[in-house]
Amino acid sequence: MENISEIDELTTEKKYSRSSLYKDAWRRLRRNKLAMLGLAIVIILILIAIFAPLIAPYDPIERIKKDSSLSPGKAYFFGTDLLGRDIFSRVIYGSRISIEVGIVAVGISVVIGLFFGALSGYFGGISDIAIMRMADIFFAFPYILGAIAIMTVLGPGIVNIFIAIGILGWASFARIFRGSILSIKNKEYIEAARALGANNYRIITKHIFPNSMAPIIVYATMNVGVAIIVEAALSFLGLGVQPPTPSWGKMLAESLDYIDIAPWMMLFPGLAIVITVLGFVLLGDGLRDAFDPKLK
Amino acid sequence: MFFYIIKRILQVIPVIIGVTLILFLLMYVIPEDPARLILQKGATEEALQNLRVKMGIDKPLYVQYWRYMTQLAKGDLGTSYRYRRPVDSILADHYPNSIKLAIAAILIEIIIGLVAGIISAVKKYSFWDILVTVSTTLAVCIPVFWLGMMMQVVFGLKLGWLPMSGMGDGSLRYYILPAVTLASVSTAFVARMTRSSMLEVMSNDYITTAYAKGLSQFKVIGKHALKNALIPVVTLIGLDLGALMGGAILTETVFSWPGVGRTIYLAILQRDAPVVIGGTLVLVLIFVFINLIVDVTYAWLDPRIRYEKKEVNV
Amino acid sequence: MKINRRIAMLIVVAIIVTLVGTIFAGCKGAVEKAVTEAIEEAVEEVEEAVEAEEEAPAEEVAEEEAPAEEAAGGVFRIYIHEPVTLDPANCYESEGIQVARQVFDVLVKYDIETLETVPAVAESWDISDDGLVYTFYLKKGVTFHSGREVVAGDFAYAWTRLTLAETASYLAYHAAPIVGYDECQEGTADTLTGVKALDDYTLEVTLQYPFADFIKTLGHVCFFPVAKEDVDEYGDLYAEHINGNGAFKFVEWKHDQYINLVRNDDYWGENAKLDEVEYKIFADEDTAFLEFKAGNLEYTAIPQGKVNATVEDADLGGLVIMKPQLAIYYFAMNVQNPPFKDNLALREAVNYAIDRQNICDVINEGVSVPATGFVPPGIPGFQEGAMKYTYDPEIAKQKLEEAGYPGGEGLEPIKFGINVGSGHEMIAEAMQADLKDIGIDIEIIGMEWGTALEAFQNGEISFFRLGWGADYPIMDNFLYPLFHSESSDNYSGYVNLEVDELLVEARKTADDDEREAKYREIEKIILDDAAFALVYFYGIRRIVQPYVKGFALSNMENYDLSKVWLEK
Amino acid sequence: MDISKNNKILEVKNLKTFFYTDAGVVKAVDGISFDLKFGETLGIVGETGSGKSVTALSILRLIPQPPGKIVDGEILFDGKDLLKVSNRELQNYRGNRISMIFQDPMTSLNPVYTIGNQIMESITIHRKLKKKDIIKESLKLLEMVEIPEPMKRLNNYPHEFSGGMRQRVMIAMAIANSPSILIADEPTTALDVTIQAQILELMESVKIKTNSSIIIITHDLGVVAKYASRVMVMYAGKPVEFSTVNNIFYRPLHPYTMGLMESITRLDEEKKEELKPIKGSPPSLMDLPEGCIFRVRCKYAIDKCRKKYPPLIEAIKGHKVACHRAYEFLKGNLKNID
């Protein structure tokens, strides 16, 4: 879901110089307890993902046939699933998939969004109109239907999930970047750079880009959470990560059917998703407030 | 205003062309032979070829597209490959259900989202503000289908308060769980946006003026602040109505709701091109239409926007 | 005031949106209805919001008390998935079939308990000495729900319609033994010449070759009588106006919501006791099961993974129906494509690697039993231990080495296709893990059912799961459709000309014992070719409310609601 | 109306309004005391940020809270402390007994309602009248503030008005219930010079017609000279001098006021210029220096100024000043120091 006016607000240009902008933002972020909680969650998550093999007591795809469907206990902290796999280990390893999905998919969105945003905002004219109408269509089309359509064309698989989620997210980044460019484009220092003979590429990468990063960082952070949720939704529909890869979305989707008889199976992957998304959302909120305290 | 609306309606035409074209290409990319899909078992190559000719799918894509568009102009959306029923009858079966559910969800968004946002803004930093902030943040983090199934088990099965699935006799009780599920994320967004919009509006001079006149806080907020604060919220809600209709796949799946989102979703999986294209087209039209209504609502909310003047001046 | 205006606004939006939706749906009749509905809905929502809380409990009490007064009658509510169609000529999946069976009666029926073929609309029949000509004598006074009497011509019409190319029926091949079938399929004839109505009560059917089990196939849905005038009137929409001759009359099919039937009081047999049958349509069986627990369904499936919990449940345990089903679950390997092509050892390795018992016990919770051959127990002619493959990872590893891939070395990950939903993922994952143990990597690809079949058929995916359930309780039904090289249900590319020949020969064999022996031989040959890894014989996992009486379920999962009553 | 003994309609005593921000406490108004006589026009003068507007808003408790808070003081209207009355009671004073006109007419009217709606609202709140009478009353008000074609204008939206016209509408709204006090917070700052005069004349005539008192807040000494009878000069949230117009203009006793007066002659023709007559800038209200807050900019500062803040004392009758050296100025000893 796009928060359009927030995007527009984010694009309003700051008067601070760049380094002080980031320094001030960090100072404000540090004082924001919720944002620090979010940051802590994200950092812990990354650590878990990196050190998954050290933390997980079992191989996440190894079955212990005799121990299927056990409730949480000493041997298996979070219990086991129907095939006798340790849910705790799967949740630990699942952090890798979630981070991959979040970061790679959003990365794709950012790259596509920046490219079209630059094209649209910097050159204007026909390309601007065409790109912005295209963005409108992407905003208009139900996100999940779009993801399904793309997954159907591309076929299942984790790389295709990155692509599907990535493609669908570009429009907001394009809008943010375009807005930034429009507000910066005619500033004196750009004129000066142009007068000194800088070409378009140089102006975009050296001058416009660094100055419009703040809103993009904020929005990207929030979108990581969205991507993780979309992955779960696709898994619920059977289009997600293919087994036996331990993905939280897949684990949640598979175990939801047993919600009335084995609630622990869905509880832990579900909580993992909620906490992780919460981490990114809180961090994103905090970053937004930090970059632009007016908006709070 | 009249010319503006006419203009906007005419603008729909390129959108229709664009969307159908994209969908046509998409369905063409998927390597699928509709004739085989229809005949499937026991079909000879001749029978397949006959059917292809009959359906016109032996022709190049542009011929097929032209054929589809001319039929569309006559109001014919074609026949479903899978269900062998006219697409319009399939859509007529499902769209009203989706619209009803979307409206129920929008009502929740408006009632709960607006009220929560307003309370949160007016009682900034109070217990209620924190409660709203926490619950809206959480609502965004919980996967919709998880929330839906938990409510199903808790309110439907364990407590027995509400029906768990389907539309039943169509009474309000059947709407509550799916509508709440469907509206959860959007309600959170509406509440957050109302809050920030209200806070911004509340800092305006005319709010001070209103207080200085001797208006009660209730009236200042209800009359002077709300109408101004609603402007961005209306956009959000308007955009959402379209998204709620086609994007309700998860909710429709969890609650076995006979809606159009699931119909299109299944049609995509089943490569049932006529249903996909027809269903999506209607969805886009509704979206465009709602946008128009949102714009007209703006004029009502904000007298500074008057479309006919814009048309004359520009 | 403000709120009222906003609600008014929303109602207006609702109306306009509905208008647009239906106008573009081109359904002019529906416009008015949809608009009024939308208005009513919106108004009701606003109005009822206040009253809802007070009203709701009162309603529930009323619901519970009312039916207690009438012992017979009542409404029987059954879970189904949205059927593709209810048109008998095209009922190829279990959902449409179970509805059609309550609405239509055909020449012969299968006894629910014994699966014996018993006369229904046909009173008796003669078979010519050469086994080619069948003459059926129909009962008099059997009427369609529209009131018209069912005559022999209706069968002739229905069967012709079934086989005509333009009907594009998936089920047409069931009529393949009848003279004129090929011409109808090719589109060169417009009548099925082998079927003739000699008079209103005499139907003569001529076969292309003697087919000893022919009578036993006639209980199939596709042979149901259809009234020509209905098809003429409704065309594409016939499936929503089916008019049968069975114990229940079709009332309405509200797509994705329900299908309603009412008792046919002019039934030719004994009238049913139930007033109504309501098939409630759910997106998945889990939701239906929750509804059953809440007392909103009389009969439903127990979802995979919940059988043990249900059996152990104090309240539900006694209501569970578990019995073997005449159906087999198998993994097919396309022998026309790599890596399975010309590599018997690899296919055998797969066969030895699968822990069938584990799948049956853990995932299917003991409902199913490991497969021992293609033909399940319960079909006359079933042979114990037809299959030699057991779960033995050591042999599997040896075979894999024999196949040229020691420890899986050199073997690309194999794509394995399943249709998503219905719990196949877990079985696929178990199999994936089993094969991983011997060194074969499997990549699971989930697809929608129709799409999956297409991908299997065109060879896009060479390793996949399929299931086969009995259309009629004879061995032929498990062998001919799946393994005859020209059968369209043969998805695995299995071609063995010897098998083709034997299959045709077996059909012609009139003597029951001799025929069975031939089929057993065929089964062995196919098993030796190992183009399939058989997994298990399905089991039925259903549950029915305690107050339902007279309900019986056959091994083909058929039931006859005309004998059911509710006691509560 | 019962006019109390010493003819004072409003008395503000030791008013303190602070803002509690993330960065610290801003003492926007720090101990202001003054009084308003019946029928008088009182001017409050000071640089931007000196606390004039906050003083005005504090009188009607219109300070946004949080972050603002009135921490101390009394505001006696007709003998009643407005800081102690309930919110509900306060509403009866606002717009009825005490009205306000704001600085920027462009933002002070609600853009989404017609001006008719907004004027009628002012009447409806405080008087029970029939709809017809309310309209009549509104038309009368528009006529009083000299808006042509009032009938037609009632249905217009604020954005269809010029700035001057809007300020007239604001005045009409303010006088709708014949208030006893009209507080005008820089009513002409945002307007053209020609319009400014019209608006001020209008206010003056309205004051006479409605028999009210005015507090006019401005940084324009010309306005004060022309319309006010007494003047309070504020600096950094504190009053520095309070006396009659004549005293302030011809016998200022505070170096800050003196600087202001000198600047008039210098900047006479550029009235729109922001008032910054004295070298240096006002101190941060968050971090006030010890002693006299003006001393860093004061050319008369002595050692004592560093140690102790000078209290506001009545140097001579009717002339209060907060400067350690006020008596020296009074005696004329320091006249020609530079």
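In this document, chain identifiers A, B, C and D correspond to the written order of the chains, with residue numbering beginning at 1 in each.
Everything below uses one rule, namely that contacts are C-beta pairs under 8 Å (C-beta built on N, C-alpha and C of every residue); 3 or more make two chains touch, one makes a residue touch a chain.
Being a predicted model, the structure only gives us computed values, none of them experimental.
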item: Pair sharing more residue contacts (C-beta pairs) when A-C is set against B-D; value: B-D
item: Computed distance of Cα centres, chain C from chain A, in Å; value: 43
item: Chain centre separation (chain B, chain D; CA means) in Å; value: 53
item: Centroid distance [mean C-alpha coordinates] between chain C and chain B, Å; value: 35
item: Two or more partner chains touched - positions in chain B; value: 153, 157, 253, 269, 271
item: Residues within chain C bordering two or more other chains; value: 290, 293
item: Chain D residues counted as touching two or more neighbouring chains; value: none
item: Set of all touching chain pairs, with the criterion as stated earlier; value: A-B, A-C, B-C, B-D
item: Interfacial residue positions of chain B with respect to chain D in the complex; value: 124-125, 203-206, 208-217, 223-224, 227-228, 301-304
item: Footprint of chain A on chain B - complex, ascending; value: 15, 18-19, 26, 29-30, 137-138, 140-146, 149-150, 153, 157, 185-186, 189, 192-193, 196-197, 232, 235-236, 239-240, 242-243, 245-247, 249-250, 253, 261, 264-265, 268-269, 271, 280, 283-284, 287-288
item: Parts of chain D lying in touch with chain B, wherever the complex brings them together; value: 57, 60, 62, 64, 66, 87-88, 91-96, 99-100, 102-104, 107-114, 121-122, 125-126, 157, 159, 170, 173
item: Chain B-touching residues of chain C, taken from the complex the two chains share; value: 2, 6-7, 9-10, 13-14, 16-18, 20-22, 24-27, 30, 34, 37-38, 41-42, 44-45, 48-49, 52, 56, 84-85, 90, 92, 165, 168, 170-173, 185-187, 236-237, 239-240, 254-258, 280-284, 287-288, 290-291, 293-294, 296, 447-451, 453-454, 457, 487-489
item: Sites on chain B touched by chain C in the complex; value: 32-33, 36-44, 46-47, 50-51, 75-77, 79, 82-97, 99-100, 103-104, 106-107, 110, 152-153, 156-157, 160, 163-167, 170-173, 175, 222, 226, 241, 252-256, 258-259, 262-263, 266, 269-271, 278, 281-282, 285-286, 289-290, 293, 297
